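Note that chain A is present in both complexes that follow, paired respectively with chain B and with chain C.
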Partner chain A sequence: MQGPLTQFLMKNPSVLIFLGLLSAFTIFAAIGSEAFGIGFISTSMIKTLGKTLCFCLIAIAMDLVWGYCGILSLGHFAFFGLGGYMIGMWLMYERTRLIVESSMANAALPPTPQEIQEAIGTQIFGVVGGAEIPAIWAFAHSLPIQLALVVLVPGLLALVFGWLAFRSRVTGVYLSILTQAMTLALALYLFQNDSGLRGNNGLSGLQNIPGLDHVPQSHISLYFLLASAFALGLGFVIAKLIVENKMGNVIKGIRDNEARVRFLGYHVETYKLFIFVLTAIMAAIAGAIYYPQAGIINPAEIAPIASIYLAVWVAIGGRGRIYGAVIGAALVSMLSSLFTGGQIPNIEVGPVNVVWVDWWLVLLGVSFVAVTLYAPKGIGGLIDMIKMERTK
Partner chain B sequence: MNEALLEVRNISVSFDGFKAINALSFSIAEGELRAIIGPNGAGKTTFMDIVTGKTRPDAGEVIWGEKNVSLLKRQESQIARLGVGRKFQKPTVFEEQSVYENLLMALDNDRSPFSVLFYRHNESDDQRIAALAEEIGLQDHLEKRSGDLSHGQKQWLEIGMLLAQEPRLLLVDEPAAGMTQEERQKTVDLLRRAAQSRAVVVVEHDMDFVRKLDCRVTVLHEGSVLAEGSLEHVTENQDVIDVYLGR
Partner chain C sequence: MISRFLLLLACFLIVLPTQAQEGTAPSLKSIVSQNAPDIIKGSVRTAPPIIDALVALDDPSSLRFLSLWQEKDLWYRKSDEEIFVAEKREDRTYELFDIATLELVETLPKKQIKQIKPNSGLRALIDEALVISRLKSADMSVRQEAISSLSRLANKQHLLPLRGAISAEPNQALKAEMERLERFLTIQFGASSEERVSAIHRASDDLSVETRANLNRVTSSTMALKDMLDDDANIARHVIPGEADFSVEDAYQLLIDNDLAEAIPTASERTQFLIENIGEGKVGRFTLHNLDTQKNRDAAYLSLVAEGKAPFWSPGLSADILVEQFEFVEVYDERDAQVTQAAEVALEKIETSVALSEFVDVLLDAISLASIYFLAAIGLAITFGVMRVINMAHGEFIMMGAYTGFAVQQFVTNYTLSIIIAIPLAFAVTFFAGVALERLVIRHLYHRPLETLLATFGISIALQQLAKNIFGTQARPLTAPEWLDGALVINDVISISLIRIAIFGLGVLFFVVLLFVLNKTRFGLETRAVTQNRQMAASMGINPNFINMLTFGLGSGIAGIAGVAIGLYAKVTSEMGGDYIVQSFMTVVVGGVGNIWGTLAGAVMIGFLQKGIEWFNPANTLAAQTYMIIFIIIFIQFRPRGIIALKGRAAGD
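Presenting the complex of A and B:
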């Protein structure tokens, strides 16, 4: 067993470098945290860092499906959001149940299970004018089942959608439009009050982990940062194992010349479906770790624009090199929260008042155009050039 | 008739009213080398598209192998796995990948995603790739990005990939296009060697190249067979001279 692993690591030093940097980063965060360290990193900053790691993970998924397999999916945030909804259902249901039960425990008569159910229903769905717990919440009491659904629901959606699209040989920009339509349709559906997922209110209070009320948020945020880092590390290794093997050769072949791969005897549709579903699941897991840190999820999160940002991250970071996606997602999402968070003072330029919350999008757009024109391989491409210079 | 490896019966196909293939019948035996010639628009490439499953004919049959399997309802990848290899007009190799990786993908191994996902490099595959690289004269370029190869080398790599597939029938579309004299000779040798163990159909414009192949020739014109026989035989055919050579 030692043989192939050592070989793989020898051939791909970037895996060890990445895991090393990621570990160093988490240790740094832990030391800086308010929970266990000297406290110069605030709890909300820890959450931002953890969420950024989740963005890096979905960016890896995007790089696999787009950068390596050539499928420009503009719908992967749908899977991210669904993963978040699936875990959010358990978080919200269980916590509401605990609160309801403890408040009813003081009543003169012990509450019946039906009364408890009704109280939970009113608590959660009162906001959309209901008291019934919808059928899709049937398993919300069970963490293992909801965790399984984190993988199964987005995986199944990707499977059905991908099967239909790839089988009809929808490719290129048409496929991109279809994926946009998918995420838009899902968002619009979830916006409805009778969707069973609280309409535009979404699910909230997700930062409160049921049964862990005694653990302060500063600790929980750090645990989630560690979980995010672990998932990202695992995602990186899995992605590398795929692309640095024969599977990588085949999917890159599909990206560059689909017909040729077909004439070599490979069933292209199956390969695309495999990558599409796998990356959907990666996105879903990223979402399931992200939303407990964000605290709230609502349908706006899966609006088409989110998935377009995802493509921008990967393009800026550099397609087809995995670590490029991580760089792009980390850099752009951190800059985005910096510019939109009000930390940067607005500037008066003559008659124009540059308000960064608005102008950040302009800046992002300009840099996207600049990267496309002058550095089509993104930041990762610049790193390649430095490497080439050295070996010369 | 049962000896034919591939038999095409009475196929027709039209695109927007233009009959690209018109009641074409054609058959090739196991291990035969055959050249197909004909002017532009004679239906040579469309013929290959039909055999490999890219285009569906409006009528006719395509029968394969001793079990007389119809190829018409099959997908491109299935036809390829049955043993039909195809080389395109333009060299189509995976330019971003090395010569080694190109050959590895083409090697006659299991094509299912799971066996590909868990593929482990092994000695016997490496040896087969080395032997193939030797055959196509690229043994010193295995680690080279195939996009950096010369035009001729790309053509050979593609032929090497076809050989790696271990097909029973090789369809080769204009292999000599854009090649130097020297490269042409090497290509002729390569194809003749390939034909020793499998059937090879070469579509070619270049008469000199066809002469060197020294094999049976089928002349296509307006989507059907105009003449068939040795090169001498068909070049003496008055119809052939009229539509093709005489121009």
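Presenting the complex of A and C:
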């Protein structure tokens, strides 16, 4: 009795291994957390771990679109940020509404709906000199709609942008530059005070979940860690399902020789568009889980450089392997916070005192060049080599 | 003739407050003796006519009297309140001098005299009046200062003395300035309509902000009710509330001010009345918890109105209907219709020329922005455009060039010399950095363009951080030599800084030189051969490795020179490369990859586009950039190969 799922799992033991490791990691984090366990992992560490899992999820998306489909998108952090903004709108609006309502409860007259709206508007937009709630916040009161927008807005942007770009056969580095331009345009737009999303102040206080004031942050952080882990597991399985099927072969074919796949009768643009939109949505979901843990989102997070770092993670982890992306994102972002956090002791090299906070980026840049030159398959390539040795 | 009449008139005006007998010309002594009590008291209210009278005398002794007054050197004799200039002697007595002749009159002990101490307000008034006397000073800087203070605080009294000073002024520049000031004063305070109108005509060629401010002062207006006006009111136009900048609220406020309407209680005022009338959890017959909608609140308020506890209000009451029953006009504060008419015409003429000049200014701005983009992108046009190597570290080469300039200025303090040294040095530094990059990294990645992008990005972040570690995070200045410091001023609106002109010149120079090198030299021929077909070029005896290395070095070196130029115009920071990299790539892609003409076209298009969008929405440069990028994204949909697309074999792929 072998169902398609069992068949899939039999063919891809890495899925089971990954899910097993991920569950073990989450259980370990839960036991170590301050909320339920013995408390040797601090709440801020739990948040860092949860955020890293979100990075792993967007890295999977990047690996799908770049490693498998050959589209070096320098814009996936824009989708990540948009997802964050969409959920952030609900978090900020609802929390402000609750605060406003409780503060108005003591007024002489019970507040009218208009008065509440005005007070919320002043609270949220006073910082950019406004009091009106912009039209794009029309659904901010409703969690289901904003959750739908987390998927819809970045998805639509990716659909329109991808359709335009793939239709006119912009490929290779041109496409990369075009996606980078899109990201820059979005970031610049959000930087404006009248963008309706609070300009460069961004959205803040997102770590406070409306209506859950009585739940301590240590618990909330753990819930979000679980949510991140669940999303990552799901993303991994979906990615595997795509790449291990016929579709995976087609998109790999597009990566290796687009013209040939087209001559075989496949509609290349549709495949590319599907992957582009799907990965944009994955990135957006990652962002929507990430920002409530980070607590604040502002346009600087969307700047093109973030998306290039994403490519760096995937390249170091190894392209064309879903687990490689996860390893790369986890390793580089953890190392990055380790080095810039000052945990690594400084080294005296002759006259130069190597302060890692200052030299980490130099190290990262150089090691990145080295990886590109000497290990183009990244860490995943090393694992492959070890496997080959074993089977010999 | 007119001026003589004016003089008479002025004398008449002066005489009035001093109540001198008609027929005898006033003198310093007569004015002072008649106003002695007021001078001694020194009140800001009574002093101005005296000061004006003294200034109008326009003789050295009266001006000297004023400055003595201001400097607290005047004393008066307690017995008869006669005013003298006093000087303290060694034996604690004071010598009194006549105010007009400065002859010694007598010596008195301190007990019998008293110092006149004007307060600071009065001293300022006197100072203002003395400005006129300073206009006749032999010292030119004093005159200059007098003119600039006059242009701030001139009033009617200054017109005549100023006219007198103009003819005596030897310095031409100063004279022109005086004449301009005289024009402004005549526009404001001229005696006859004709005089003012002709001054307005003369001013209408002047685009300066001061001229416009002066004319605007003449045409300043207020809104008024037509029925409330005098017959001779100078009406500018009829206005309809709710149109242009006259809102219905403004119109209604005008009605209230004229007691033609009652103020309509606003929503928050009505709420306040409700709160004041809360009794036992109720307002009238409405329980409090029901008052959470505007509809119920209105009903509750109406019940209060019915009981007479609140001012009248009804849901249909709206300012619009009330306002409609009245006729509103805009009235000039200036009564003279001829003058306002002339001023409006002059303003319109000035506005037209200003708009034209602004347009020219925007064009110049666009050209200079285009040349900056061109400079930033031209190196990339070679490495990316000709060699198809994506060099994300291009921006960091620009930065390296700029920091080279900064470093040179640390050792060479002569700015002209330091720039002359910095340009070839920056070229050398970035040339060798480019060659090293090509040898060590890019050579291995020619068949993997996307990975070149990533590897050079690694170089980019490493270089950026290195620069931060070496030079620190704060912006470093790259000082331009003095002869590049000024601006080319064409008129009050159009001016362009010399640095921008120099950058434009440098851009043109680069363009011509590169065009020559790539199209007319052996090296250019070999470069094109290698990039078009490496194997074929190699079989023709060209060393492709060597040519690639040199070409990449050339592109990088040009980025270095661009860095020096950009550093002169903007600040040098470790992050400056990032500001230019995306724009540079877009310039090359939009223009068309593979030729220098394309880069020029791309830079011109992006520069003009950005400035054009900024022109429509000057307050928001971020929006301009956003729209520009969106435009470029759409543009590439229709011309994916850029403005100037190569055709045939040369197009590659």
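Throughout what follows, the second predicted complex is superposed on the first by the 382 of 392 C-alpha atoms of A that agree within 3 Å, B and C clash if a C-alpha of one lies under 4 Å from a C-alpha of the other, contacts with A are read in each partner's own complex, and residues count from 1 in each chain.
Throughout what follows, a residue touches a chain if its C-beta (ideal position, glycine included) is under 8 Å from a C-beta of that chain, and two chains touch if they have at least 3 such contacts.
Predicted, not measured: the structure shown is a model, and the values here were computed from it.
Residue contacts after overlaying the shared chain place A:249 against chain B, while chain C stays out of touching range. Residue contacts after overlaying the shared chain place A:144 against neither chain B nor chain C. Taking chain A as the reference chain, the count of touched residues is higher for C when chain B and chain C are set side by side.
Once chain A of one complex is fitted onto chain A of the other, the partner contacts of A:271 are limited to chain B, with no touch recorded for chain C. After overlaying the two complexes on the shared chain, residue contacts for A:305 are found with chain C alone; chain B is out of touch. Once the two complexes are laid over each other on the shared chain, residue contacts for A:260 go to chain B alone; chain C is not touched. Looking at the shared chain after the overlay, A:167 reaches chain C, while chain B stays out of its contact range. Once the two complexes are laid over each other on the shared chain, residue contacts for A:129 go to neither chain B nor chain C. Counting contacts by the rule stated earlier, no residue of chain A appears in both its interface with chain B and its interface with chain C. Looking at the complex, you find that chain A touches chain B at residues 4, 242, 245-247, 249-250, 252-253, 256-257, 259-268, 270-271, 274. Of all the residues in chain B, the ones that touch chain A in their complex are 52, 54, 75-78, 80-81, 85-86, 88, 92, 94-97, 101, 104-106, 111-113, 116-117, 119-120, 161, 165.
Those residues of chain A whose C-beta lies close enough to touch chain C in the complex are 72, 108-114, 161, 164-165, 167-170, 172-174, 176-178, 180-182, 184-185, 188-189, 191-192, 194, 304-305, 308, 311-312, 315, 358-362, 364-369, 372-373, 376. For chain C in complex with chain A, the residues that touch the partner chain are 271, 274-275, 278, 288-289, 291-294, 297, 390, 392, 441, 444-445, 448-451, 453-455, 457-466, 468-469, 578, 582, 585-586, 589, 620, 622-623, 625-626, 629-630, 632-634, 636-638, 640.
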